[in-house]
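Next, two complexes with chain A in common: one pairs it with chain B, the other with chain C.
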Partner chain A sequence: MSEPKFVYVTYIATTPKKLWQALTEGDFTRQYWYGTSIESDWTPGARVTLRNDGKLSDTGEVLVYEPHRRLSYTWHVEFHEVFSREKPARVTFELEPIGATVKLTITHDEFEPGSKVLEAVSNGWPMVLASLKSLLETGRPLDTTGAESLASAKQQAIARAQGRAG
Partner chain B sequence: MDEVFKALADASRRELLDRLYADNGQTLGALCERLNMTRQAVSKHLAVLEAANLVATVKRGREKLHYLNPVPINEIAERWIGKYERHRLQALAELRRSLERKS
Partner chain C sequence: MTEPTFKPKTVYVTYIAAPADKVWAALTSSEFTRQYFFGRSIEIELKVGGRFVLRMPDGRVDVQGRVVECDPPRKLAVTWRVEWIEEMRKLPECLVTYQIDALDGAVRLTMSEAHQWDVPDEILAGGRMGWPLILSSLKSLLETGKGIVVKLEPPKEMLEAVRTRTR
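And now, the complex of A and B:
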């Protein structure tokens, strides 16, 4: 295993089952993840597709699927060629019940040296996680992760990747 | 949230976070280099940061790698920064960065 580049941890007052649904069901992801819906039949080797408004955003391949415990897939950003020319990275979600909460750990690794994708995803995850937590704990996602915020977030990521000030 | 503010209310701990921000995933040994602190002091500060969930750790063989976890800081920002302010604040921060770079 290569050294992870990013590790994000959050504690969410929910159950592993609900959190698992929130990570793997498109109707759920759309609510907290900038309107992004995830789709896969979740068998090892199956394709993972992330879409916004029907438009392809990212793709991947299922590596690990252990319900309510561990999920891992490759991550290939497709929405702009500045990212899509890179080889797929990898994301892993680990769920661990602790008291009345679930500890969610997200690890990102296997980025190319000098990866532009690395910077783009590192900026996005903390916000998506805060929104996921809000949705599961209060029933409402954060405004800032709604579909209308996506276009500007993506434009900023592309601008940064191309070396201009965002 | 109290733990996060307490953890951040210390210059040495903020410096440790700065170092992880610059180079994520460091061992205790690497973090101790060029710091004016004993290994015990660094280890204690890291424990406070980890308890506040500002640092996440991953075991790799015998080593423990430390990562900056910005999630709690983002939660603080989300609490007080509104949806429409975010972009203006980002633009202001950019402006300040570019002006300070030139002078």
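And now, the complex of A and C:
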């Protein structure tokens, strides 16, 4: 049996350099990640902090930082106890230029058996990455306020995780 | 007649800044498919039981099937038999479902590829390689007016697995 993991591929009409900035700079992430800013000095072992409207959302530690090619950090969800009790997982971004496009592969793995974080990130990444693609290609992120905002997606993720915890 | 049971094996979700009926049109008309689906044109009778064909730019049939569910602009399901790779014609057909959920300011598009047999990962690799590009390109086309053009070849491991199975 292979380990449970989440893999998502998207193609973005941009350059690896621009995409790299979008993944590693807080001013950039805030625009497409529904108000979430990322912060790290990006040296190996450095802390990674994700904050949403000032509130701590997730933390990690830099594992790989190969500019414009490969980024990996551990991923510990902090915003609710139903997730923060799990050990940190790992997220890896791989960038591959193909013509005028970049193929971006996101792998989220190293989950605990029966992880609730896995389901939450599996629902969350497509929303975040679709908005990232829109921002880089059109200059505008996705505008999903209201019922489908990130805050309500997080609430739904908590409810699902707690439901299964029963 | 008993209907075969299809289990989803590959699911791809994306969010597109376009109205649901635009996404529906992009899924069902050649004017759009030619620009994001490797140049394929589509022929589809939009009713249950209707015929469905995806045709390559040179006129050969790539995929054909029948409409199983048609609820514009929310849900479209078609049976899916790959014809352009000869060996794949002998495989059991799969079921491809597009679900369009209208949200505030965007739609969520969910593509699900479901199978009625215990299909090995090597054969699933074809769809897992193709769908992200097709659907990324569809999103770009609707948001920017331009699809994404990248050349992909069917994965070797898939062709080998299909040949072994259908020999």
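Note that the second predicted complex is superposed on the first by the 155 of 166 C-alpha atoms of A that agree within 3 Å, B and C clash if a C-alpha of one lies under 4 Å from a C-alpha of the other, contacts with A are read in each partner's own complex, and residues count from 1 in each chain.
Operating definition for what follows: a residue touches a chain if its C-beta (ideal position, glycine included) is under 8 Å from a C-beta of that chain, and two chains touch if they have at least 3 such contacts.
Source: prediction; values computed, not measured.
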item: Combined model on chain A where chain B meets chain C, clash or fit; value: clash
item: Touching partner for A:T107 - first (chain B), second (chain C), both, neither; value: first
item: Chain B versus chain C as contact partner of A:A130, first or second or both or neither; value: both
item: Contacts of A:P4 with chain B and chain C, given as first, second, both or neither; value: first
item: Which superposed partner A:G99 touches (first chain B, second chain C, both, neither); value: second
item: Partner chain(s) touched by A:A13 [first = chain B, second = chain C, both, neither]; value: second
item: Which of chain B and chain C A:D143 touches, first, second, both or neither; value: both
item: Touching partner for A:S152 - first (chain B), second (chain C), both, neither; value: first
item: Intersection of chain A interface sets (partners chain B, chain C); value: 8-11, 126-127, 130, 133-134, 142-144
item: Complex contacts: residues of chain A adjacent to chain B; value: 1, 3-11, 105, 107, 126-127, 129-130, 133-134, 142-144, 149, 152, 156, 165-166
item: Chain A partner contacts - residues on chain C that touch it in the complex; value: 13-17, 103-106, 108, 132-133, 136-137, 139-140, 143-144, 146, 148-150
item: Sites on chain A touched by chain C in the complex; value: 8-13, 98-99, 101, 103, 126-127, 130-131, 133-134, 137-138, 140, 142-148
item: Footprint of chain A on chain B - complex, ascending; value: 24-25, 53, 56-58, 60, 65, 67, 69-71, 73-75, 78, 83, 86-87, 90, 94, 97-98
